[in-house]
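Chains: A, B, C and D, in written order; residue numbering restarts at 1 for each.
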Amino acid sequence: MRTTMKKILWAVCATAVLGMFLPAAVPAADEIVFGVIEPLSGPFKDVGDRYVNGAKFAIEQINAEGGLLGKKVVAAVEDDALKPAIAARKAKKLILKKKTKFIMTGTGSHITLSLAKVAKKYKVINLTYGTEAAKITGSAFTPYTFRCCLNTDQHSAAIVEYMVRKYPQYKKYYIICQDYAFGREAAEGFKKKFKEIAPKGARIVGEIFHPIATKDFAPYVSAIMASGAEVVLSGNWGTDLRLLIKHGASLGWKVRLGNYFLNDPLVLQEVGKDSIGHVAADAYMITIDTPENKAFLAKWATKYKDAPLAYRYPTLSTGRAYYAVRFMAEAIRKAGTTDVQKVIKAWEGMEFQAAWGKVRMRACDHQMITPGVASEVLPTSEYFDFPYVGKPMIIPAEAITTPPAETGNPRCK
Amino acid sequence: MTHTRTKNVLTVLIVLAALVVLPYLLTEVQLNMAIEIAFFSLFAVSYNLLLGYGGVLSFGHAAYFGTGAYFMVFALKYVAGMPILPAVLVSGVAAGLTAAIVGFFCVRLGGSYFALLTLAFNQLIYAIALKWRSLTGGDDGIGLDKHDMYLPFVGNLDTMSTFTVYYLTVIIVLISLWLIRFFLKTPYGNTVACVKDNEERAAFIGYNVFRSKLVLFTMAGFFAGIAGALFAFFEEFVSLDSINMAMSTEVLFMAFIGGTGSFLGPVLGAAVFIYFTEWVSDITEHWEFFLGVLFVLLILYANRGIIGLIPEKIKNFWSPRSASAGER
Amino acid sequence: MEAYAVQAVHGVVYGMLLFLVTSGLTLVFGMMGVLNMAHAAFYMVGAYFTYSLVQWTGSFWLCLLLAPIGVGIIGAFVERALLRKVHTFGHAHELMLTFGIFYILAEVVKWIWGTYPLTVVAPDVLNGSVPFLSATYPTYRLFILLVSVIVLFILAFIMQKTRIGIIVRAAVFDNEMVDILGVNVQLVFLGVFSIGSALAGLAGVVAAPFLSTYPGMGLEILVDAFVVIVIGGFGSVWGALLAALMIGELQSFGIMLIPELALVFQFLLMAIVLVWRPQGLFGESA
Amino acid sequence: MTLALKDVNTYYDKSHILQDVSFSIQEKEVVGLLGRNGVGKSTTLKSISGVVTPRSGSILYKGKELRGLKPHQVTKLGIGYVPEERRIFPNLTVQQNLLIGVQSRRARAQEEEAWTLERAYDLFPQLKARQSSKGGNLSGGEQQMLTIVRTLMGNPDLLLLDEPTEGLAPMLVEVVTGVIREIHGSGISILLVEQNFEVILELTSRTYVMSKGRVVFEGTSAQLADNHEVRKQYLEV
């Protein structure tokens, strides 16, 4: 038994070693490769899956419309397990083996920051359609990095704008965020905007940072309830969002929660009616009421009608990834070449028509300037059989844009 | 005896020559991987000081790897004109000191107690790195800005070049491995290395088990820190992933898969681990499952690791002196 | 004043949930000297079983019985087919093996149930609130308290009053002698490990509607559980109880008084206890 | 013949401890096993009781092969083993210690003479007095009593005793000797490993002497008492 097992193990190892030296496919000359790097294993797989599907769908559409610069666009997808070192390794592989000049991710600011180092070294474009840390386009800026999603300042501002405009009667705000870089930045964003536009007499009555993956929110909820808060602002995601809402509702809190990620069906499916009346904001939502968006949803349905819940509709990240890739493709088209320096030049300051309105790539920090959308969770939805966000309020770009001088980017003075 | 020695010297020369010419034979992707294997080898060997020689299972070795990585960034970022080699040394010392402090609490205890405490301290150090955002960048991580490296007689080296990073890494790893090996062969090192086998006897004949274990723990931390510094230098970016429990697990996998019973087993383990994760993760998203199964099968049927699976004859040819610390 | 009372109750509830999670771990460690890293995976599997069983049978109450049994069977298999084989290799190998099993089970769970968070809805009777001071308190939290207290009493009764309990306590000291006296110690080990696993499964059932069911739930509870048994003293049920309650209260009051340190409360508590009593509050000296 | 060992070979790792050991015990007999330290006496008992498994040979007990059985299986067949180190459970009370030894199935089988707590306490009143103190708080003599009685609770037909008088004061040695005689009187066969020659002469009818893992002498105790050569060569220091 023991020796047989040893022999089998030995054979497996030997096969493995041989397998490693199999040649990798080299792309054809008439292809443009977009390298998509996302977590496709581990607990964040569903997040990664969505981005990949959004990006892939954009690439299919581009090809269906005749390709890019007369070439076919190909998606090369790699799993980074949400680890910067692995993301960097995969990016190098894509760049050196598949000759890609465009790498992208939407999950984890640390991944984008790590990829920025690789992109700078090998001089390729590093696109993010989902990582929000301000310093990506701020203090850690490199000319190769472009961001086609909201940053934390914009995202927080959109939520505060919605609350203040729609519910000027609320006077007591409370901030609860996860105790790490993203949570802290989200809170900063809330406070900055609140200070700017707070109704008379309104104030922030409390601010709390809890550890990531907190199991019991009851102590926090009780503290919030004791403060008499009417609005709770939060950047929480994942279980920290679901449990905050569930434990809040079970203890009978009477607050309106404004959050970054509430338009995620995976969250709303679980928390169900406890989420009604809470507010989400983003750059894109499927409930946007424009003909362009209707057309986009119809096209999406042709491919993903029976897909898993996470990307059956282009909710949350999928829609963003789609438009980001389209935007980049337009920049490449405008440059007329895949030469990276020329694409950078062409993209800077460029405008693009997205489903929710006009967006622009700010030249100095490569941050997409866009209107925001914010909406409340309604009891019923035409898309899902659980409560989901309704038609959004469009918040103009000027209301949520960080002035260049405040970005911390040396190029923006 | 002379015959063996000749063969040893020859083997060493062949390996050295191979390492020198390797960059000219490999593609850049493979070269990058070779660099990763090099510093992870050192990390795994340092871990094996605890598991193989000390006979204790640590779930917190990433704490020192991460400390080294962060200090590498700090040294190059906050100390103007800091040369690279001293920066690596500083990182190792920082990690070693951390290990000494943690070790002071942990090494008194054995078995499961030790495992749990190292895990808890790993979490504590992780929490510090997470909280101290102004210094570490918290969850966003922190970039390392390279500058050129000046070497006497050689001149300025372009540290952006993968070649330079390769040679630098391999040389530091080889020197470190040699130092560890050298130490283990000194009389004092020998008593330290045997602490697992004769803990009771050792305590009986009156030498200080606590001190031996602490020395071993500190040394393991120091070299993990050096490996971490090389990691930071290669990645040009350090984040919490270098210091969290997953990294501690990976190094356990590397050391054990390679073989804890021999000095070089973990080197093999690091190579296999990196290739395995790279290769299998391309095939299936469930690669961690297969990694776990491999690990469990090795524990059940081949607890000397892959190196224990190599037929004796081949092994005897390559390393006539077999490992000093044997796992039963 | 009332705010403090509410926080105190929150702390007790969460503390008792932590105790429920760690009770099986403590039992197995105390009896077999095995620090079962797979415990957290068993806990997670318990929660996922609950999800599927509720889907099939529609009854959460049934899960309270069936899910622990299912997990107990997995535990029995692990002990009989794997753990026993490495026993002679020593503690490090046992620990590594249970860790490997944790690793595999976590992947298997993702493979079978996917990575989406799954919804387990508690029965209506547990979903309401009961009046408490000037407000209300969720019934489910009281249910958690109830289950944990019942488990505590059953464990205490078995350990103190039954022959099985006496055998288990004797085997902690000298399992070979117990064997010599005619007790099949292997069988006792098998039983204890299964029951320990089943307790993890039960904790998973109770946690499923409360803490949400998702792939990271095992790892996230693992460290907390370990801190509890370090503070409480390895293998001591009473120690685990006290430590879990301390952590629960610390979380509750700590965030009111020193929120900045919320992340490290349990580690600070652990550090203090270790400096003062390295063997933990109730531990025999190591 | 109750117990018969034939060509038993036992190893610890690579060292060959028992070498072709053969001997036998008749029903209701008290047999002594003698020899210097480290000649394999304790290993012989361990081999019979299943604590270690001999590599070859056979151990027949009432026609059943014992080699390969686990200790608890051997115990269930009716062999009680009292190891040399007392190995009481210090965290349990005297009564709880005794309870662990109970074999209810065997008790039912020999209902008439079954050992019960009452009978044990009758025999050892000092244990009754201390029934609720922790085992760890007993004196050496009390601990020795406790280990013997604990094994008796399993109602053995054959008792393996490993140096029951070791380290006891002369007065206690006498007490223990009395106890063993009493146990024998109740119809139990005994294999007694002893260093104390007086005790052997007093209690046993036959003896075996071991040296370096082999049986080197067998005969009645009286024969051994007369055989100065054997005593000089194998027993006296």
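As a convention for this text, a residue touches a chain if its C-beta (ideal position, glycine included) is under 8 Å from a C-beta of that chain, and two chains touch if they have at least 3 such contacts.
This one's a predicted model, so the numbers in the text were calculated from it and none came from an experiment.
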Statement: Most remote chain w.r.t. Chain C, using mean C-alpha positions, is D
- line: Judged by C-alpha centres, the chain sitting nearest the middle of the protein is C
Query: Between chain pairs A-B and C-D, which one is joined by a greater number of C-beta pairs in contact?
result: A-B
- request: Provide the C-alpha centroid distance between chain A and chain D, rounded to the nearest whole angstrom.
  value: 76
Message: From the mean C-alpha coordinate of chain A to that of chain C, what's the distance rounded to whole Å?
response: 36
Statement: Chain-centre distance (mean CA atoms) for chain C and chain D, in whole Å, is 43
Task: Check each residue of chain C and list the ones that touch at least two other chains.
output: 110, 263
Message: Residues touching two or more other chains, restricted to chain A: which are they?
response: 42, 45, 179
- request: Can you tell me which residues of chain B touch two or more of the remaining chains?
  value: 130-131, 286, 288, 300
- prompt: Hey, which chains are touching each other here?
  reply: A-B, A-C, B-C, C-D
Task: Report the residues of chain C in contact with chain A in the complex, numbered from low to high.
output: 3, 6-7, 10-11, 13-14, 17, 110, 114-119, 129, 135-138, 140-141, 211-212, 214-217, 220-221, 224, 251-252, 255-256, 259-260, 262-263
Query: Which of the residues in chain B end up touching chain A in this complex?
result: 27-29, 32-33, 36, 130-131, 133, 137-141, 143, 160, 231, 235-237, 239-242, 246, 272, 275-281, 285-288, 294, 297-298, 300-302, 306, 309
Field: Residues of chain A defined as touching chain B within the complex
entry: 2, 5-6, 9-10, 12-13, 16-17, 19-20, 40-42, 45, 79, 81, 83-86, 88-89, 92-93, 96-97, 109-110, 113-114, 116-117, 121, 133, 135, 140, 179-182, 184
Field: For the chain D and chain C complex, residues of the former touching the latter
entry: 49, 51, 70-72, 75-76, 81, 83, 87, 89-92, 96-97, 99-103, 150-151, 154
Statement: Within the complex, chain C is touched by chain B residues 51, 55-57, 105, 108-113, 115-117, 119-120, 123-124, 127, 130-131, 245, 249, 252, 256, 286, 288-289, 291-293, 295-296, 299-300, 303, 327-328
